[in-house]
Amino acid sequence: MKDTLRWAYALNQWNVRLDVFVRHEDQQRALKTVSACGFDTIELASGTGRWDNISRPEVILLNHGSHQGFLDFLRRAQVRGVSSVFWDPQAPTEEEEGYAFRSTANPADADAIVEWSKPFVDFVAGVGADQLVVRPVGSAWMTPPLDADGIKVVADVWNRIGERTAAAGIGLALHYDCLGAVHTHAELTGLLEATDPATVGFALDTAELTVGGIDPVAFYREHADRVTHVHLKDTRYADTGEEYRMPGAESTMLKGGAGRRIERWFYELGTEGGLVDVPGFVAALREHGYPGWVVVESDHGGNPAELAMLNSWYLQRVLGVAK
Amino acid sequence: MSDERAIKWSYMDHWRSNGPAGPVDQWHSHRTMSAFLKQIKAVGFDAIDTFDFRIWQMYGDYGGPAKYQEMVQDHGLERIVNTFHAADYDVRNYAPHLPETHENILEDFRVTMGRWSEIELDNIIVMPATLYYDMEPVTEDKLKYSAECWNKVGEITAGSGVRLTCHHEFFCGIQSEPDIDTFYSYTDPRYVSLFVDTAQHCIAGVDPVALYDRHAHRVSGFHFKDTRNVATGDDHRHRPDSEIMAPTTGKWFHEMGTDQGLVDFAAMMTAVRDNGYRGWISVEHDKANKEGGDYSESTAISRWYAKNVLEEIYR
Amino acid sequence: MNGIRWSYAINQWKPQFDDFVRREQHERALKTISIAGFEGVELTYGTGRWEPLGNPQQLAANFGSVAGFRDFVRGCALDAVSSWYWDPAERSMEHLTGPLSPLAEADVPAIVARATELAEALAALGGSVLLVRPVGGAGDVEPLDDDAIGRLAACWEAVGRATSEHGVRTALHVDFLSALRRDHVPRLLDRTDPSLVGLAVDTGELTAGGIDPVSVIERSGDRVWHVQFKDALAVDDAEEYLQPHAHWTVRVRGGAREVPRWFAEPGVDGGLVDFAAVTRALQAADYDGWIVVESDQSPHPAASALLAGYLVQRELRPLVEGKEAA
Amino acid sequence: MVWTKWSYMDHWVTETPQGPQPPSFNRAYMDRYVKQLSALGFTGFDTFFFYLPLYAGMYGGVPGFERFLQDNGFDKITGIFSAYPSATRYTAPHVRETHDRIVADCENTLRMCEGLTGVENFIVMPTSTHHQTEPVTDDTIKVVADLWNRVGALTLQHGMKTTCHFEFWGAIRTREQLDTFFRHTDPELVFFFCDTAQHTIAGVDPVQMFRDYSDRCTGFHFKDTKNVDEHEAYRTPPDPELMAPQVTRWFYEMGEGGLVDFPALMKEIVASGYDGWLTVEHDKAELGGGSYAEATAVAKWYIDNVLAEAEAEARAELETAR
């Protein structure tokens, strides 16, 4: 995309299951699809084990030998590089102490999590990416609500990791999602205030904020100086207020329908009935001269190639971005 | 203008997506049509091709070809370039090698050209013969009768400003190299053109590049698609059908750029350049959804290939 | 025939004209029907070389003969082709004919001839019912006056007479777009000879047309010669069936509301038909014959067949067998 | 008499609004999945240890899920599958230092099975990938055997037999390695689980393997393959199962012209007097446009129409011999 904004595309929509998107030829097809849609930069999502070989840094390196080897693999499909890598330290992985469950909300886990960030910091820097995008805290339903002290515990972990990312010359962006224990506008603002603006930024996801009941355009205007990363996607639904607290919300809300038979929450740009004011949001980014990446994604929503193409069309025809 | 392109890319109307009650094509609803056109545009195609039998939906759902073409243009695509005339060949009433059926064929085209008169098409594409098993043995006389038939059809379509061009399916009566050459020797270059389908020729054991080079002055368009299999044994004359039912092969057609593809597209594009062809190349991947395939992905991959491999050769 | 026999309709496997053409696909579908607990399969008429199961000529072209197809069906552990659905408005590439209309007296001989061919093949396949679309859609034909009803009755009596010579009954299949929807059905039935023409009750079509299938069975139970169990997910309560080309604009496209899917396998989530009630009504009417289960279209044909098999095995067949045992 | 103890191994993928997913996507998909298996006549259900928490969440506990199965004509949950396909610093069957952790994991899994009717098999992959384990020496196999002896004693206390399912890409794959492993394990504690396709791919005849170890065999995966691994694909790092260059799909349902002689195996099973569960497994049935529902239906069709005949023949032969 030829634009003053920097556009990238997230690969997570292809990796919908444990045992898919493993063969290199399948990955090449996805990369070519992204490239044909006009994107030359991608965001990676983390995972675990031998089948997450385009997500988990150690496994990527095992597949391609080196950072350069991986970049060469991307460039075969005319994808030039990586904008960012997403990491959730709360998601258990075999690489992190053999599926240990740890949380940034637990002070006893802080040292381990800071240590776990190392392969990600190294990888993001190694492939020349900009941002390590992280899930700052686990799901709200798993823990009692966080008070200011609790938020400070979380923030401290990220301040420590922020020192490491800054030293490596990359950014660290805390990504809000609609299930996180930092959920309300006040909690989110609290977390941002408790982190060091010099080293810790905010990854604004338009759909996640909307589901969580926060207006992404207004939030961006309030906190433009902290926003260092953007995920652009749409949703047709917002949480009624308490759904994110359903036990097992990853499953019961985002897949099980929240008792409302909503079996898919996230949508491509331009979807009918989409709640996100995408043109308004992008206009706000332009007004503020937003310098970071805008990563388009559709999360898990059906046919990945179709979604990528519909997103590309939207950028070209509605947002007027030249391909 | 310096970036004026010699080649533009059109997408031939084969498409399926998954609907709530099973696979549907893009003509299912305005919504599915819009999603189709958006995807074609997104990856950088310039226009579309279509089938003649879609004319009914154009009239029924969109108010005619001109109105439908407006919708195509609203999605950022230029126009409808070619139409494919998929006829029901039958030795009883519609067989180019049987002169007694010619009047029926000519009447079909008179009516058809009237239906398309609202818009300007480049080509009307035909399979120039019946199924192979309905034509065999393929004799010189039969080729000559076929040529006479298409000469007359071509005169009719030329009257509407549209070129009549022949697309040689591997399972039709005129598919071998000598038969194709004989056929063109009897047809009038003013009225009958060749439409090179890279996969179909390849499946029939004919080198599409050599064929093109030999007939370049008669060529009015291309279907760029790939195959992984050459027809063997009776594949080309399998009863009742070769295209889907040949026992050897469940899926003949693949998008260009596919692994193990047999078509040498680099050589093909070089030949297109060296013959000075300017105009449209159509991309087709017929039945891409078979055996776990997916139209959206195949369309993206084929356009990627056109942009990153073929346009490096000639654009 | 004594008792109720369960069959499954093949039509859901063919969403598009170039799908479901290869032999191995047919074999897997028939095996799926068999193992889901059905003993028969219902075919749908089709024409041309991509409809290998569409008509007797295509069966012969593909399986050597109709008997060859019967062996193929039995090889998949199904007993019979229970029935064949045919709309005379479908063209025939094999006969080089376009749509035939039962309202046009001139078309009747061709309709009878075609029905005879289908009945003959059906008999050889162990089947017993030819289902016909008795007349076009409400928006596509003139309103049916007495004279029109009379012409329809004459046509279908002639067809019924011809098929009965092969031991095959002719049953009128009234769909939710039919010009016979609502009160015309009894009118046509009343005008036909009960020994020649019967009714096919399609639970999904009736329900989508706003008609309770149980009431049809209670009223015309003695005329019911065939039953199709499919579920309906929506009702055409705005009478959109009166529009022209409703087959396309309403059935396929879902009408003004864009109903994503009208029909599905029995027991589907959100289904409107009470199949236990319909089954009990059939028993009360002493129905014996085929019940053909269908989903019409499906995003996942094998799953639809298995889910329907589940309902039949665990709920519906026990109702029937309970009564037979009693 | 016809074999009634057929169970289904819980691989299944279905289309959802979020793409192809396991039926644990949500309760409605799960219910439909169980109904389809029920319609086909399966009476046993095998699953993976990692699905248990999901099912517990949907059905109010793992026993609640089992009751749902039973309401749909199943006898019970018959087997639980547990595995460490990738060796890590924390868990690797060939590394003795990690055994305590593995045993602790197994205890957790056993705890999740409390209150069930009677799971019979605790199915394990005895090793991680071959390429992470090699060189595979007698000592390596001895270390692995020690682990499963330990786990075997533990699971027996919960009424389950620890039974070993050998992957073609695992470190114990040749006939010699299998024999060594069984020599080193206690026949009272460690049992054999015969996966027809995996052995065939590894060049081991599953029928002969069963014949030789029928006294220790407690279960089967009936699945087919069309390829013997002739290119050392089993050594492909980082993953041989999905990434082998020559073969994109290893596993097929029965009755599709594969290499396994299922009727012969069925006859062997009858002749041996084995009376446990027989399990159908499909792994990656969706590749190439396939569907799990259809693959499962076709496999069960094969059981009822082809294997039933083989079974009847074998029983008749036994009768005659008597």
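Just so it is clear, A, B, C and D label the chains in written order, and each chain counts residues from 1 on its own.
Everything below uses one rule, namely that contacts are C-beta pairs under 8 Å (C-beta built on N, C-alpha and C of every residue); 3 or more make two chains touch, one makes a residue touch a chain.
It should be emphasised that the depicted structure is a prediction, and the values quoted were computed from it without experimental measurement.
C-beta contact counts were set side by side for B-D and A-D; A-D has more. Relative to the C-alpha centre of subunit C, the farthest chain centre belongs to A. Measuring from the averaged C-alpha position of subunit B to that of subunit D gives a distance of 49 Å. With each centre defined as the average position of its C-alpha atoms, the distance from subunit A to subunit D rounds to 36 Å. Centroids of subunit A and subunit C (each the mean of its C-alpha atoms) stand 51 Å apart.
Note: centroid distance subunit C to subunit D, computed from Cα atoms, is 43 Å. Residue positions of subunit D with contacts to 2 or more other chains are 15.
Shown for subunit A are the residues that touch two or more other chains, namely 302-304.
The multi-chain contact residues of subunit B, meaning those touching 2 or more other chains, are 18. Those chain pairs judged to touch are A-B, A-D, B-C, B-D, C-D. Partner subunit C is touched in their complex by these residues of subunit B: 16, 18-25, 28-29, 31, 60, 88, 90, 92-93, 239-241, 244-245, 250, 287. Within the complex, the subunit D residues that touch subunit B are 15, 286-290. Residues 12, 15-16, 18-19, 21-23, 48-50, 52, 58, 61-62, 93, 96, 245, 248, 252-254, 258, 260-261, 263-264, 296-299, 301 of subunit C are the ones touching subunit B in the complex. Within the complex formed with subunit D, the residues of subunit A that make contact are 16-17, 19-20, 22-24, 49-51, 53, 59, 62-63, 94-95, 97-98, 247-248, 251-252, 255-257, 263-264, 300-304.
Note for the complex: subunit A touches subunit B at residues 25, 29, 32-33, 35-38, 77-78, 302-306, 308-314, 316-317, 323.
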